[in-house]
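Paired with subunit B in one complex and with subunit C in the other, subunit A is shared by the two complexes that follow.
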Partner chain A sequence: MSLHEPLLSIEALHVHIRTAAGIVQPVRGIDLQLEAGETLAIVGESGCGKSMTALAVMGLLPVGGSVAAGAVRLSGYRLDNLTESGWREVRGRRIGMVFQNPMSAFNPTMRIGEQIAESLVHHRHLDWDHAHRRAVALLDRMRIPDAATRAQQYPFQFSGGMLQRAMIAMALACGPELLIADEPTTALDVSVQVGLLELLRELQTETGLAILLITHDLAIVAEIAQRVAVMYAGQIVEQAPVDALFAQPAHPYTAGLLQSLPERHEGAGPLSAIAGTPPDLLQPPAGCAFYDRCPAALRLCATAAVPRVEISATQRALCWLRHPAVVGSGAVPPLAEQQGSES
Partner chain B sequence: MTGFLLRRLLSSLITIWFIATATFFVMHAVPGDPLSNEKAVNPEIRRHLEARYGLDQPVLTQYGIFLRNMATGDFGISFTQQNRRVNDIIREHFPVSALLGVVALVIATLGALLFGALSAQFRDRWPDRTIMLSVIFAISVPSFVLAALAQWGILSLNKAAGFTVLPVAGWGSWRHLIVPAVVLGLGTMAYMTRLMRSSMLEVAQADYLRTARAKGLGSLRIFVFHHMRNALLPVVTVLGPAIAAVTTGGFVVELIFSIPGLGRYFVQAVQQLDYTVIMGTTVFYGAFLVLMVMLVDILYGLIDPRIRVGK
Partner chain C sequence: MSEPLLEITGLTRRYRLPGGSSLLAVDNVSFTLARGEVLGLVGESGSGKSTLGRMVLGLEEKSAGEVRFRGETLPRRYRRADFQRYARSMQMVFQDPYATLNPRLTIGESLAEPLRLQGWRGDPAPRVREWLERVGLAASMAGRYPHEFSGGQRQRIGIARALITEPEMLVCDEPTSALDVSVQAQVINLLADLRREMGLAMLFIAHDLAVVRYLADRVAVMKSGQLLEVAPTEQLFTAPSHPFTRHLLAVRPRPEPGRRRTD
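Moving on to the complex of A and B:
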């Protein structure tokens, strides 16, 4: 073991889900490291495997799902082969999770306060009275007005934005080192989104919390994350610090995502979402998964397993275009020129 | 909540009035009248009797008298049992039916929760398959066949044991009660078991159950407060129909097991065209069921905060 262990380390992770139609592969060989106090964003369009990655880290894959290969470590300790009782020590206590849909993620027949307090009773062995007071304090910290009354209410009496904040309170109740937030701002209006992100940033400076933020919104990434991993069809196609990624995207898919951002959009035409659909994860292609939609595709991309290329010490991409053999041969023009010539 | 209760009470009263009215006019529509059963009644006596029971009055006047009597809780005097007031018949025999029904319902509910949860937990494995097969059997076999089977079973048991382990029929102790109660509750238990199973399976897929696991809670707490509690809601909604099923099922079971409950008297009254008893017990049963359904609604409100707090 090396001297320094990252807080979270995902190594060559493969997730399989057994279904009637066959084995779905929502995660196909992911490598990710997250340091304490850091915020890493995972972005990518719907269905690319973001949630499955998070659920694999929590050991909460759906029925039929399993970690087929690879490892997940927390401060060096293997998580993916834990027993149920081992998981109970990790979930809620060392990793808190905020789920994608706050409306359905709360138990409809239990008071919000109790849903927060029960973690404290279980992990911190507080008595219920004490735990309830802590729950109210947590809600208050999340800027939920009149927290004491709110704690006595049920999920259906909360608005979406308030539920989202209550869920963060719930996830942070036992002071975890890592927060996994799956699309914490979808379905919220912009002003609420901004408030929530500010709150997360505040909490982070206060407690040294690490955040794994899952989103499909690059604007949010720019707002809060230090590093970004771009996911496509179960793989991380590019990983870089936020600035580098926005300034010099190395992967055509990242470039396409950036182009579809409203503020980068030039001219009067409609926003250019990337045309086409991702491949079937039941039978992932042998070559590049982005081949069908890639404006810069080479012939070898269709069949040859794509290499991972180190662009710099902190940036890497999964693309043939950046491979030294291709770049050195002069067979292809640089990315920008090629895209320009097409329009 | 108070408004909800008042509205519920009002609609219950209207329903009871409707049941009473329907009973009255249906009884008037059946051919013959209460006295035509007696052979060759002397016309004078007949007139006398008609006057006594108000049968010489116009229908609407009779209806008015009937409603007034019902409202004051006076169900009249039996035609076939000398000098017995219908109120007394109800007072004497309803507790027997109620005891049988309550025990049947408790057995049915507890059994359904247990078997439903078990079969969901062991989905598609042998406990599930065994339970679901029994459920189909219990739902499809009518209760009088079940009752006959049970009596045959008791007889064989007693013969094998050489003494009376359980009485075949009659009333008086818990040993008389237990088999009829199981027979009476079995269909309801089967129906509720199936509901409980699908409800447990549905909640097992719910996002909030995953949230509970993501908090690292103990499995008992997750099972009781997150899984069971929510899975119970649909089961509580069928308690009303379940009470109705057990009440009406009691008619047959009381008859077969010779249990002196109100159900047996009701069936007898129908056979003998005992008008006052039929009308009195029908209205009584109707009111009882309406009241029970109302109580179930209130119970549901207590369990589901979306109804309790929302209203």
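Moving on to the complex of A and C:
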């Protein structure tokens, strides 16, 4: 094999955040690879470290935050030790970022059109007039009605979904190779969502755009992702092609998540949810982080470091259940049964 | 028949656009909400849903029209004392989880604030802990500041803050958009319980049609500032009358990779 470098490679990434109460560990050893033209979705529990992973890749961790270990590479080129001037050539130009908090991406005192144009002037060296016309065209392509007029407005005058679309326009403005999009569709109606997905697919075929998509919306995942990484308490607990993930989830957290879809709810009772809460990332547990909530937990899960098991050539899970030693022995009944037989 | 809890008539909001023209963000909207009822509000992004919700709560001036709550006409423009007075009965969960919490207060202080404003005596701490847990957060988080929380965690703090005073009516603006489906289910179940146990009424704004279908009794559809139709939930989903509603239902993505349209 030739020396193939994936477009984006995240290797054993650990993020630490210093706080008054101690060190929070929102990302605990993440490995991900993304090829040109591909869409990888990251899903997972609220607070599990998805945004911190994206911000670490972009070198934009909050105050007190740092990459404690691991590496991030773009086409083989180390990002995690770039200088600020090095970053200027990457951010907004080679990587476009859609932030979960749209307001943080915009200057509140500057017109929307001007902000998008500025990035084109800076990275693509267009003159202002030309850049402005491009900005309006981009807003129009994002289905902002009356784009020329709206380009002259300030962020607070946009609705939630209009600002989200403006941010996507800004992230795509300079024709990046990689789009990192953190919850980009939460304020979009389904019709605009479908239009956006079509646009992204077009860009992928035309330019080979790769997309790292963080979302809670499993319908969007089903529509656009080829592969899915499921995160829980700072780790990737399952990685699979999209069809396998929905049809045969290998990790109990993934199964519980899919079970909670309102679309899968039947009858009049309450919606199904995974009982309990995730562990505090100030003190992550030694064994499986999902142990307290797992309906299939084995006794060894509480203390033994959990192995990463290959379910197939393309599907992996961080779980004892599918480990050959457990599957082969047949000797370890689920925790519920163990407790039942002891009493 | 008993009087509706909330009655909205001809509500209108006009904004100025650059260049001198104006925009009817909310255009002559009327509807009612009964005690313990959930009215889903769906529609086009930018159609005026958040503006409507803010006007109901007096957080935005009304250009025209009227809001009646328990038979009383609410002021067109609120004074300070009005907020305090009506906050007892009506609360809002805001669409933007990043803009709603005071960055200088701990989460515990933010949650205790509405209690204090309503003359609550005694130690708010036990109640603060209870509400953090009800939205799936650890009680030990009360001492942390907003910037230490993720998007979905902040959204849940906003929900706890709106519910802690046990209002009669809640305007929820995309209250679960930043939550994974399991935590979303916990929050939706909580809202459904409060409705059943305490008669909590809700104006529930959301783009997630499956959630609206589960929770709402009736659904209203907005486009370009106007209310296109209001119908009982099952009727709206099975026999929508307006072409725009039919369009939304037809194109909505589903969480089933098999039925993806192109690849």
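Throughout what follows, the second predicted complex is superposed on the first by the 306 of 343 C-alpha atoms of A that agree within 3 Å, B and C clash if a C-alpha of one lies under 4 Å from a C-alpha of the other, contacts with A are read in each partner's own complex, and residues count from 1 in each chain.
We take it that a contact is a pair of C-beta atoms (placed from the backbone, for glycine too) under 8 Å apart; a residue touches a chain by one contact, two chains touch by 3 or more.
Computed from a predicted structure; not experimentally measured.
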A:S260 touches, of subunit B and subunit C: first, second, both or neither? second
Subunit C versus subunit B, contacts on subunit A by residue: C
Contacts of A:S312 with subunit B and subunit C, given as first, second, both or neither: neither
Contacts of A:M110 with subunit B and subunit C, given as first, second, both or neither: first
Touching partner for A:T303 - first (subunit B), second (subunit C), both, neither: neither
Touched partner set for A:Q283, first subunit B, second subunit C, both or neither: neither
Partner chain(s) touched by A:S75 [first = subunit B, second = subunit C, both, neither]: neither
First (subunit B), second (subunit C), both or neither touched by A:I220: second
Partner chain in contact with A:G161 - subunit B first, subunit C second, else both or neither: second
Intersection of the subunit A residues that touch subunit B with those that touch subunit C: 101, 104, 153, 157
List of subunit C residues in touch with subunit A within their complex: 15, 17-19, 21, 42-46, 50, 95-96, 98-99, 136-138, 140, 143-144, 147-153, 155-156, 174, 177-186, 188-189, 192, 207-211, 213-214, 247-248, 251-258, 260-262
Touch list for subunit A against partner subunit B, complex: 58, 60, 84, 87-93, 97, 99, 101, 104-111, 118-119, 122-123, 153-154, 156-157, 167, 170-171
Partner subunit A, residues of subunit B touching it in the complex: 206-208, 210-219, 221, 225-226, 229-230, 233, 303-306, 309-310
Partner subunit C, residues of subunit A touching it in the complex: 19, 21, 24, 43-47, 51, 62, 100-101, 103-104, 145-146, 149, 152-153, 157-162, 165, 183, 186-194, 197, 201, 216-223, 242-243, 246, 256-258, 260-263, 265, 270-274, 277, 280
